[in-house]
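Working notes, structure below.
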Amino acid sequence: MNASSNPILRIEGVGKAFGPVTAVDDVTLDIRENEFFALLGPSGCGKTTLLRMLAGFESPNAGRILLEGKDISPLPPEKRPLNLMFQSYALFPHMTVRQNLSYGLEMERLARTEIRRRVDETMATTDLTQFADRKPEQLSGGQKQRVALARALVKRPKVLLLDEPLGALDKKLREKMQLELKRMQNEVGITFIIVTHDQEEALVMADRMAILKDGRLLQVGAPEDVYERPADRFVANFIGVMNFIDGKVGVDGLFVAEGLQVKASGNAGSATLAVRPENIAIGPPGDLPVSGAVVDIAYHGLDRVLHVKTTASATPLQVRIPASGAGNWKIGDALSLKIDPARCRLFQ
Amino acid sequence: ADLVISNWDGYMAPDIAEQFKAATGLEIEVVNHATNEEVMGKLMASGGKGYDVVFVSSPFAEILNGQALAEPIDKAAVPNLANLYPEATTLAYDPGNTFSVPYTWGSTGLCYRSDLVEGTPDSWLNLLQPVDALKGKTTMLATDRWLMAAGELAKGFSVNEKDPARLEEVKALLIEAKKTLLAYDDTTFYSKLVSGEASLVHAWDGWCNYGIGENKDIKFVVPKEGSDLWIDTIVVLKSSEKKDAAMKFINFILDARNHAWAAQNILYKVPNKAAMESLDKALSEQYPNMAMAPADLIKYELLRDLGTAQKDYSRIVSEIKAAN
Amino acid sequence: MSFNATRPTLLAAPGVAWLVAFMVVPCLLVLSYAFFERGVWGGVEYTFTLENFARVADPLYAKIFLNSARIALTATVAAILIAYPAAYAISRAPRMSQPILLFFAVLPFWSNYLIRTYAWIVLLNREGLTNNLLRSLGYTGEPLSMLYTESAVITGLVYNYLPFVILAIYSTLSRLNPELMEASRDLGAGPVRTFLRVTLPLTLPGVAAGGVFVFVLSIGNFVTPALLGGGRFQMVGNLVYDQFLTANDWPFGAALGAALILTMIVLLLLQARATAHASGERKGEAAQ
Amino acid sequence: MNATLSSKLPGRIVLLLVFGFLYLPIAVLVLLSFNDSGLPTSWSGFSTRWYGALLSNTDILRAAGNTFIVAVFATVISTVLGTLLALGMETRRRKSSGLEALAFAPMVIPDIVLAVALLTFFSRLGLTMGLHTIVISHVIFDLAFVCSVVRARLKHFDFSIVEASRDLGASGWTTFWRVTFPVLLPSIVAGALLAFTLSVDEFIIAFFTAGAGRSSITLPMQIYSMIRFGITPEVNALATIVMGVSATALLISQWLNRQQQVP
Amino acid sequence: MNASSNPILRIEGVGKAFGPVTAVDDVTLDIRENEFFALLGPSGCGKTTLLRMLAGFESPNAGRILLEGKDISPLPPEKRPLNLMFQSYALFPHMTVRQNLSYGLEMERLARTEIRRRVDETMATTDLTQFADRKPEQLSGGQKQRVALARALVKRPKVLLLDEPLGALDKKLREKMQLELKRMQNEVGITFIIVTHDQEEALVMADRMAILKDGRLLQVGAPEDVYERPADRFVANFIGVMNFIDGKVGVDGLFVAEGLQVKASGNAGSATLAVRPENIAIGPPGDLPVSGAVVDIAYHGLDRVLHVKTTASATPLQVRIPASGAGNWKIGDALSLKIDPARCRLFQ
């Protein structure tokens, strides 16, 4: 998308342990110039630790970090042309919002008028203008988070590391900020590495994303790739919703489970079929190959998710039907399903 | 205890309590003060409560009396008063020893290293306007009255001078003198002589003796302009509830043998004829100033309480100390 | 606030009560002597007068005050400059060893002020250890005159009050959030600017407290100027001391004391405001 | 941590230099306590005679005991009052200059004024004086110093943990002991060390408020009266023992602590 | 749903100002016993402040708070039978995770074994067991948030106030925690008041919700009510996505905008029609009443949103089509739309 394919940042076999706890484990990763890169993974998987190593606050126990081809480990944080927005904000409590924002620019010895201009501009885009003279303790949680974000943004570094930048914001504001980040990526040419728990955010915004688990990198790729072709069961389950059906692949290359057959390319042997709720079609009983019964209906914002009990798996399959489409299903209704063979994955 | 007595440390025999108990059956408790001033402050703020007998220098005894804190001496209860030199019973601040009994006395003069000082110093001006070789090698007593006394004596004034014009002259002299001074010191001046840090110091005769004890080249001289006569006295406090015992204690001290202890150990002259006569001659050979006769001593003027003129003294001393 | 409207008052009450009962009342009693005359034999004669205050106005005392303030301030600055790095190093030591380091920083001061000061005399005097050492190293010039100088006085003051500053600064450094320093480094400030713009302002209250300790204790000190300064320098504390004890002039001592106390309190209040401002302390209004 | 962010070396050098400065005169003092000669200016051979003299000097030993008692009581009381006062002052919504002045006052009142004032006051009340009156008096300035140190720490204190504690059902008192106190502990320890040190070394106020008897003489009073002729090695020996015993006690308690924590 | 209709908590005309800033303004609200109540609103609208008043950390400048009919303003926080999970966590830094959790139970003077049991149980449900002996500073952001949540949950108070309890958690964990909260609502009978920025969370979990703006209460109601019948334009726009079309209502009761007519019940005069993207049907050009052209297509996780330019409004209308349904639209395609009159709102 926006990213060229030059790696601006190369992470080579990086590892970090805190005493007995391994936080990051042999991570190798290239971040391309001007790309928007999302880092995802369960709580405690090492995302913050990785960013802190990039920023220079932790030194890796193993591996190297190269910025534009040069090993940056000897560089102290202030000499690294990248900035980190802290997950815990780390706002300077003795400075007003304006002072917090000006700080990084003053360090670059910019002219006062220039600082003022850029700070004003950034406060405007982050809706902070009216709080310019407040101290952090006089702000709400979301306001603090915006100050932390603005303080990093106003520096316009080559690479911006954002650790959960928008988690405390309401949807509207979050969308506005997302647009702003995208705008900066395009106009200022900043490379973003962003940690987020909001999958939609990652799917919508990221050029590429990486999934970490227990400090290890599981998959790197474009959002569609990861969503549609998850590397393993964990990723499949972690991103989005996934139904898993245990069965086996026969010599004929057909995946078979109780009452269900899907044409899948896999080696003979036991296997797990993974299919997303939106990739299961639904119809009146008998119309489609797999029969089942509705055991629960969840109202998920704009859609309904039917939980359908079949013989194929112990846990009911989740089937997503749009609010505007399909019929009026009730708990207890019998129905039939069809799994789209092109849109499912086989894990062996 | 029956009696609480405050004295300078080492001013009495360490076993005084046992001795006194053996002699009278009475218990005493000896406490120490470091300076006249601090014990005076304490006595004045508390009305003397808690103490029965205190040892203070004569101007302070005079104040205690003036403030009605001192108990008259019960002569009948202190027969050993008879041991005092007659000269010690007619002292100007307390003729007839009505409220105080002198314990030690002496002069103030120059203590010096004869091997480092050329010739024999004989004038206060040797201290106040030293020759080049002695500049930065002299010290003066820091306590205001003795500090002023050096200047007053040098000028030929009274050590209780009250005339403002004359005091101005003294002040000017002392401010000039400060420029050549190593330090003001009234505790360790003799050890400065021993180490060679100082060559000529302003000293009480008895303390010069501590230096002489360490180094034979140290000598004491009373300048030709004279000295003051200092007297450390014993006072019984009016607030005491053990006055009889207190008088017994004074009497015990004035016993020739007991009083001689002070001369032998603190190297101060004591105004006790019987005691002084009991001393070994070797003592006055080693420490010549121990031989100074009472008749000579009383030629010197006593420091007296200054009354309201004290304000002028303290301001002048402040000004001297603040000068640079 | 339902939760802590009365609480602060309640918390402060025992301390305030102690100070009022044992400090304010007795001191007002004594300071009121300033309005009366000195008795002939010292003490107080209860005749109303303002003369003592007129005497306080003597420029001599202002001069002494300013001079001792200058010495105290020099000592204060020096003590802070030495104490800060020490406190910083202690606060960065392993948590287990911090109390031990603090303990060893104050241990020398459980000996006695006089003894320590005499030890300095032994070190600094013309015939003392330092000069002997120099001589044995082949130095042949005049022995150094280190004692009985203003520098000796300042050295003594710095020495004796240094641990207090270390303690005060350590107290504010001990749980400082390290992320704030990291954020500063991240924003491009080197260690020095991070220190000046973040660490220092946030620990300024400790620096100020420690500085106040050195200043007030120095200006009221009379042992160090007497021993290490050879009595050639005078602090204001000395002046008040002399009025009460040497000159036996309690009314004037009270007047001088009152003037000193007032001046110092005003200075300290100004200092507290300035510190609060410089360290970006929360305003009373917003502090919940 | 990054090597560039926290190298241990400069810190060690600083500590070495500062502790060198702090212990330089102490080394002299300890050395002199073994000097055979009574004069500090000349070394006349190694001797432990001053220690012998000291151990038979019951006055000094009792004074040391008294000093310890006074300092411990004054420290405990002033640490409690000073900490509470600091908390009170820093949680108040409106700063009160009167209160600030009151908290500064003990530091700026000249010792002699406080000494004279207290003695006058106590004797007018007809109080018997002794160690308890010294404690009362020392608490006055000790508490101001403790308060000052703790207040400095409270300036940027995050009070939300105090709220959390109350929210979880802890009373103000429990909250203090279980949350505020442990979190403030480094400052409170600093304040207490300061108070103890000040109290151990205080002379003039103790002298005035001690009463007249021997039973309440403290070490500074004893030493001040002894230095009429300058310092004798006996007091150096005493200082050496005081510091040696304290250091040993600390190291032993530290060692015991560690033993307890290991299993 | 689960809630009975007794108000357990009554907030009556409550207001709070910080100096010149009005944080909460005359809020009146009943919270029913055992309900799951969500508090929503833009960053800085006063949510935290309201919770803090309930918990007893701020005293209202105006109004009263009644718990089971009794004014609780004289009660200090520790006497109130409700607990607050702090947005900023406020973990005790000197205590381990276990100690943090045990603290509240120790205050109730429970037996040690009972405390241990309940803490172990809560740590297990919040995936914290392995961190029992760590101090907060040794935890990741999400781990800290779980400790804060667990510390409040373990107390099982009558009313639990949760200020953004799940914001730092990944989706899987968040869903797990949501289930846990629901379980506690049902099994333990706790009344929840939860602040969240995650609308889906609010819509799925809440029995009722309230929308705050600038300290004022705009609407209170069941999620479906608020979503489908927003009280005003702000709410309509704040919750979910909404298309606004300015036009006017004629005397015939017909809403008219350029090239568009909808039957709507409103007074004659100018008006704004609000319609959700999923309530616009789509068809080939000419099939449906309103014609338009696709100007943008956004990949929103599972769905596509078409931005369709019409003559009716200046901003393109957003139309949501499920990934599994409808045709294959490309940018530039012409199409036609129909707005379902039953599912739109008129604001005048």
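We just call them A, B, C, D and E in the order they show up, numbering each chain from 1.
Operating definition for what follows: contacts are C-beta pairs under 8 Å (C-beta built on N, C-alpha and C of every residue); 3 or more make two chains touch, one makes a residue touch a chain.
According to UniProt, the chain labels map to these proteins: A, E = Spermidine/putrescine import ATP-binding protein PotA; C = Spermidine/putrescine ABC transporter permease; D = Putrescine/spermidine ABC transporter permease.
What you see is a predicted model; the values in this text were computed from it and never measured.
Shared contact partners of chain A and chain D, listed by label: C, E. Looking at contacts between chains, the pair that accounts for the most C-beta pairs is C-D.
For the copy pair chain A and chain E, the superposing rotation over Cα atoms measures out at 180 degrees to the nearest 5. Centres computed as Cα averages put chain A at a distance of 22 Å from chain E.
A straight line joining the Cα centres of chain A and chain C is 56 Å long.
If you average the CA atoms of chain C and of chain D, the two centres end up 15 Å from each other. In chain D, the residues that touch at least two other chains are 5, 40-41, 112, 116, 120, 156, 163, 166, 172, 183, 224, 227, 230. Counting partner chains per residue, chain B has residues 38, 41, 195, 197 touching two or more of them.
Residues of chain E found to touch two or more other chains are 18, 56-57, 76-77, 88, 93. Only residues 18, 21, 40-44, 47-48, 87-88, 138-143, 145-146, 163-164, 167-174, 197, 199-200, 203-204, 224, 237-238, 240, 276, 278-279, 281, 298-303, 320, 322-325 of chain A touch chain E when the two sit together in their complex.
Touching chain C in their complex are the following residues of chain A: 55-57, 76-78, 83-84, 86, 88, 90-95, 103-104, 107-108, 135, 137-138, 151, 155. Chain contact summary for the complex, chain D toward chain E: residues 158, 160-161, 163-172, 174, 178-179, 182-183. Of all the residues in chain B, the ones that touch chain D in their complex are 1, 4, 6, 8-10, 29-34, 38, 41-42, 45-47, 49-51, 187-188, 191, 194-195, 197, 207, 210, 214.
Within the complex formed with chain C, the chain D residues making contact are 5-6, 10-12, 14-15, 18-19, 21-26, 28-29, 32, 40-41, 80-82, 84-85, 87-89, 91-95, 97, 99-114, 116-118, 120-121, 136-137, 139-140, 143-145, 147-153, 155-156, 159, 163, 166, 172, 183, 186-187, 189-191, 193-194, 196-197, 200-201, 203, 219-220, 223-224, 227, 230-231, 235-236, 239-240, 242-243, 246-247, 250, 254.
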